[in-house]
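The block underneath contains the structure these notes are about, expressed in structure tokens.
For reference, chains read A, B, C, D, E and F in written order, and residue numbers begin at 1 within each chain.
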Amino acid sequence: MNENMQQYLDKAQVLIEALPYIQRFNRKIIVVKYGGSAMIDEDLKRQVIQDVTLLKLVGFKPIIVHGGGKEISKWVGKVGMEPQFINGLRVTDEDTMEIAEMVLGKVNKSLVQLVEELGVRAIGISGKDGGLLKVDKKLSDGKDIGFVGDVKEVNADILFDLLEKDFLPIVCPVGMDDDYQTYNINADDAACAIARAVHAEKLAFLTDIEGVYKDPKDPKTLISELRVEEARKLMEDGYIGGGMLPKLNNCIDAIENGVSRVHILDGRIAHCLLLEIFTNKGIGTAILSGEESRYYHGE
Amino acid sequence: MNENMQQYLDKAQVLIEALPYIQRFNRKIIVVKYGGSAMIDEDLKRQVIQDVTLLKLVGFKPIIVHGGGKEISKWVGKVGMEPQFINGLRVTDEDTMEIAEMVLGKVNKSLVQLVEELGVRAIGISGKDGGLLKVDKKLSDGKDIGFVGDVKEVNADILFDLLEKDFLPIVCPVGMDDDYQTYNINADDAACAIARAVHAEKLAFLTDIEGVYKDPKDPKTLISELRVEEARKLMEDGYIGGGMLPKLNNCIDAIENGVSRVHILDGRIAHCLLLEIFTNKGIGTAILSGEESRYYHGE
Amino acid sequence: MNENMQQYLDKAQVLIEALPYIQRFNRKIIVVKYGGSAMIDEDLKRQVIQDVTLLKLVGFKPIIVHGGGKEISKWVGKVGMEPQFINGLRVTDEDTMEIAEMVLGKVNKSLVQLVEELGVRAIGISGKDGGLLKVDKKLSDGKDIGFVGDVKEVNADILFDLLEKDFLPIVCPVGMDDDYQTYNINADDAACAIARAVHAEKLAFLTDIEGVYKDPKDPKTLISELRVEEARKLMEDGYIGGGMLPKLNNCIDAIENGVSRVHILDGRIAHCLLLEIFTNKGIGTAILSGEESRYYHGE
Amino acid sequence: MNENMQQYLDKAQVLIEALPYIQRFNRKIIVVKYGGSAMIDEDLKRQVIQDVTLLKLVGFKPIIVHGGGKEISKWVGKVGMEPQFINGLRVTDEDTMEIAEMVLGKVNKSLVQLVEELGVRAIGISGKDGGLLKVDKKLSDGKDIGFVGDVKEVNADILFDLLEKDFLPIVCPVGMDDDYQTYNINADDAACAIARAVHAEKLAFLTDIEGVYKDPKDPKTLISELRVEEARKLMEDGYIGGGMLPKLNNCIDAIENGVSRVHILDGRIAHCLLLEIFTNKGIGTAILSGEESRYYHGE
Amino acid sequence: MNENMQQYLDKAQVLIEALPYIQRFNRKIIVVKYGGSAMIDEDLKRQVIQDVTLLKLVGFKPIIVHGGGKEISKWVGKVGMEPQFINGLRVTDEDTMEIAEMVLGKVNKSLVQLVEELGVRAIGISGKDGGLLKVDKKLSDGKDIGFVGDVKEVNADILFDLLEKDFLPIVCPVGMDDDYQTYNINADDAACAIARAVHAEKLAFLTDIEGVYKDPKDPKTLISELRVEEARKLMEDGYIGGGMLPKLNNCIDAIENGVSRVHILDGRIAHCLLLEIFTNKGIGTAILSGEESRYYHGE
Amino acid sequence: MNENMQQYLDKAQVLIEALPYIQRFNRKIIVVKYGGSAMIDEDLKRQVIQDVTLLKLVGFKPIIVHGGGKEISKWVGKVGMEPQFINGLRVTDEDTMEIAEMVLGKVNKSLVQLVEELGVRAIGISGKDGGLLKVDKKLSDGKDIGFVGDVKEVNADILFDLLEKDFLPIVCPVGMDDDYQTYNINADDAACAIARAVHAEKLAFLTDIEGVYKDPKDPKTLISELRVEEARKLMEDGYIGGGMLPKLNNCIDAIENGVSRVHILDGRIAHCLLLEIFTNKGIGTAILSGEESRYYHGE
């Protein structure tokens, strides 16, 4: 057998190895929170979309929830406004909200475009469509930071309808309160709320870090498997800080509300989603309920 | 009977008079091109949305196609760019296209918001979602005017799927060419192409004029019924000019491709849609195929 | 704006005001007990049928249950028989039952005819069809009054099947006992039993009185809202008598078995059904469960 | 084996012999025109209903169309009116029509009752329900004979809907003209029109004669198989007269419009329907298209 | 009436008598364990298949589970092997298992053939298809007897899918253990496990005995009705022995797990299934739960 | 990036490369004729089943048609019979047919077993089930060679039903003639007839040769793409002989009856099916209609 042939056989082998994974997630819903570098770097962007599209084609039901933070800031600047932050949260006045919604809409349709280009039916919606995301005003340490919302209700019917019609839904994190006023929502929060509401099998956060560290300064302390009670302990003991704190809270919330597995993935690694799902290469940190092992039986 | 009671009975009478109209359009698709003053004046806006929502609730299947011209110009200005026009058509370079898509997206979701507020399920999409609108580059007298597209194919499946799931679809006129590049589309053109593709019973243009005039300078020459061949004759004889020319071509195109009736309505009249559909008050100009009368039997 | 135009706008306004009501009852079942003057006066008859047909067309699911008392007496006379009554209840021997069934059948099809004429699919059935109404013999103070039945079981499948197929069902109150013998049923009883069995949102009795009075001799004591416990009290205290007693018992029975709201309407008022449902004009008496107000929020 | 056992085995054998017939007509529509003695004699009545119910239970889709001529005359007399006939056709003035509809309705529900008693879902309708039978006024030799109609259109949707919901439809021959006026229809005509419209496999007329005779005076000339062209010849040659003439015309009309086989059965024979369908005993006359044999292959 | 005619009427009568039975079992699942002489004698074989096919055609949902014991022994001999038994159970080594599966497969398809010949859709499956029968290794008094399995799980989805698609499923008793190794299963056990899993209305064992005897040596002690507690008592008291012991245990197991009625029928009697189901001739022994009588009301 | 990581990325890349292929064949039917060495060598067997199972899981609708020639000969020998051949075709007397059916049944269930083991729902049927394959007796140069059949009719309903219920159907080539007699069918013929009847997108023959050669003695003359007219020419010119002749005729027959593409694959190459479908490595010979290229656009 010549070398060329061997190369083809290796390819077949990879496909065959994917078999049990394809089977395990057949018709299962996977919510992907898409953000960070993977939204900026054009190569990474293309790779993420390829990954999600492949998941769709082999029988999974992925839902993308995306952010757009850096792009929003850029446009706020373009129109001569000054972004304001309180406690690290963007103060969202009416003008900022208008720009945020426009930018998120543009990002949303650009993702639709990439998925359609790969031949899969995509539909881009916001939390306003079909009343998907209902919010309450979020306060930051009691301070009013404008039109920033906490999800209080997810009307998941629209997602089930779209999945039934074989669409890949792409959601931007904008919602309405009881007076039908528009609010911005943190994309992690939106993804978590949606994953709970649709009883997702998996919720994956694409981030710009390798995962959760016991000691953020020491890369060797990257945690591969983290059980809910361990995560709680780490937070209580003050090991977790910054943006990881709310993210980890979201992870715990999801696990405790019926999502089987949550992943904090390093979105800077090409095809990190495929690697996580189709190989036994552990990427980033897996958050699990009490008794489970990160790896499925037989892996 | 006291006066108060008489007033209630009059109300009941109006509802009863609507009966044959409700019945005639039951489960029929009505495409509404929404634009002009009716998009800017807040009262008119609310009224149009009330009208369309009512049509939905009493069993019709409305689809809104909207523009956003003036708002786009405003935002082009906001970011310090200079709008450019050739032959009255906006020259749409990459930056302009980006802003146009953002603005149209914002307008789109604001309409979703108003419909949802009235308790009806809305979903806002662009011509990119589900590959709804495929375009070719449009030239203006042979001149390249940038990312302006002619609809060459409507993939109506997404609309049928959304109607089946009982959504009120709201469409903004953005599409993609064969290379999945984004293009702006004239909203009239998009509405006409969609009406053809979904075999709409009715296509209604909300405009800022009273209708088609034989002599635009003489309000008394407003035409109430216009048959396709008469419309052609008027155009050949040079009576029709300006923005009405392409609009009338769209009307003829729709009628000749299976849309039963096309209306040029004066969007500045409150509830012009309801008046046209539920009363025998002729609003604006009705374009008809050869033999039909404007009024249905018995009106 | 000329006067003519104003008139049209007023019409549009009435339709718009109907919007929240149409929405609230969308796909809800409304059982209408149709009887009294509204069955005899040709104008009222036409108006009731218009009302119910409109309810059907705007998305409600009405079911008509009708009586035929006076017409039965007329035909009993025609064939030279003498109507007999015990305690105000018609003694129904075999011959009378035969005539009653014939007359009710004729009335039933005349209603079908009127609905079909308005372009809506109607189907007239009796409680025998599909075994809809199963009865026990009813005794009057222990006395046998012949083939008069108490509903003991409603086989609602036939109604659900017909509603699913988009029919407007029109039911005449005839049923069978366990030996498949034919019985006459009081139309109020039949309407109440059916409303319970199909979990109707609303049950409306068209009667020949204005509503429930505290003092029947004093028209100013008409009660607009009556809670179940208040109704019980009125009966215990002896304020309610005559034909109103069993009717009120039916109302209470319906409310306590899942019907949201029961109305005693004055069928002599034109379009009383539309007025009750589409305006905030309170017609007749509304019977409610404990805590509710007659008017919905926002009315 | 004792005699008793043999008797049981004989029973099993009869069931087994029914197998190919059950299979042949599985899910096929069979229209039974029910009239004559079989409607009057209580034993025959019960047997016809047993037969049709059995057909339903073993998987056929029977539809009963019934008359009521003698009963109508009886009731016309009861109310002191004088039946009038022109050319053997009942003159049907408004009063007569009213009585006819009442009597047919009563007969209709009595059949529903018998079928329900055998545990099968029946529904009794007239040609008014769902607009089933649309008629034109019928003239007799140019003379107006009142509200007697010729079927001009069958709206079979209602029958397909009821069959889909597993009902046994029982139809009485009353219809409406374009002005929604009620008309009486000859039951043979109604059965024939319905059989055509639903593409029945079989149309069976229960009559009070043994079948078609070549010479009505000679019982030995009973015709077992009659091809359409032979039937035409017999009529042209004057062999067929009286009530058989229109009946035979109906038969030919049915065969030429897609009904596979029409039978003129002697309704005075117990279980004549079962005998015709489940045994190779030829009952009455079978009308066939050109090339077919009365007996199926293998019989 | 001549004798010939009387004979036909008798036939009709038999069909009419079947009416209530057809109705009672409409759409009910009946599992038939087919074995013994009825599988060998060609006449009996044809009759059993006729019976089951008739049940299918008149609206029941039969499932056949068959054995093949004698045929297996014949083929084991043909290839020169010696059948081995321990405690009356066939020792099933790998070679024997291979032959058993082949023979059972052949028998399975021969039954498919007979059913198809009668015009009914059959499909022959083994317990491997769709993972229908999952087994554990069965030990005989602690001794390993090879690939003989106890059913531990029935994956009934495949049967429901095939019944929904209107197939008559024919099952041979072969299953797989957790390692996907092939095992032979006792056909009685398989039939019982399947009847439980599909919630069969009836489970009928075709055997080579007349039924259960109190004293096997005295034919007059044949038991017609046997309640579960009586059956237990008989076993405890040592009246039941041989092959009847496990069969009776299966019967009790079925009754206690939701099967309404179990029958031990004498498969040597022609059409014993029809006789049991369609007549009031009690064939063999009926095993019942506590309070029921063998005969249905009215028999 | 370490070497280990690179290896994982390579795997992801292979999956991504499969994307367009998965998409192209989504919900398309692929018939695989499984035979030759790939049925004997245990490794190859496992690989073929892995391939087909993967096709199923990623959204294709594969159907396996298998032979069993060598195994049949082995068992004919085991029972002491002498295989007989005329013109290279097995003479199939009744005893041989019995053994052939048994052996094919055993092979069939062993494939079911392998697929089930991989977690996919399989069902093994023969051409008798649901009357799938109807045959006429095949003569060999006019000589009777026993129960060998030519497919004359495919009743594909059973396959569509099973695919709809998400089974992977595995078919063995046995059928029945009009007298319901069992016949053996050449597996290539059966696969071709089935591919035509189900309008397969692809028909793949797993063989023991590399493909079609212009000169069988010269491996360098392997033909990669063969158009129908070229294939005809090769046969006319005598280049094609032996078993390839009927196979090529089958290929042409399939292409001319709606199968898009037929492949003669070398079943001795591991994962040849995956290689053919998911890579641009051309395995064996592709038979195409006139104008097409072997490779899809963009490959």
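We take it that a residue touches a chain if its C-beta (ideal position, glycine included) is under 8 Å from a C-beta of that chain, and two chains touch if they have at least 3 such contacts.
Values in this document were obtained by computation on a predicted structure and should not be read as measured data.
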item	value
Separation of chain A from chain F, taking each centre as the mean of its C-alpha atoms, in whole Å	44
Interchain centroid distance [CA atoms averaged], chain C/chain F, Å	68
Chain B-chain F separation of Cα centroids, rounded to whole Å	55
Residues within chain A bordering two or more other chains	none
Touch-based graph of the chains, sorted into line, ring, star, complete or other	ring
Going from chain B towards chain C, every chain in order around the ring	B, C, D, E, F, A
Residue ranges of chain C touching chain D (in the complex, touch as defined)	78-79, 98, 101-103, 105-106, 108-109, 112-114, 116-117, 121-126, 128-131, 158, 161, 164-165, 167, 174, 176, 180, 182
Chain B residues within the chain C interface of the complex	5, 8-20, 22-23, 26, 47, 50-51, 53-54, 57-59, 118-120, 270-271, 274-275, 278-279, 281
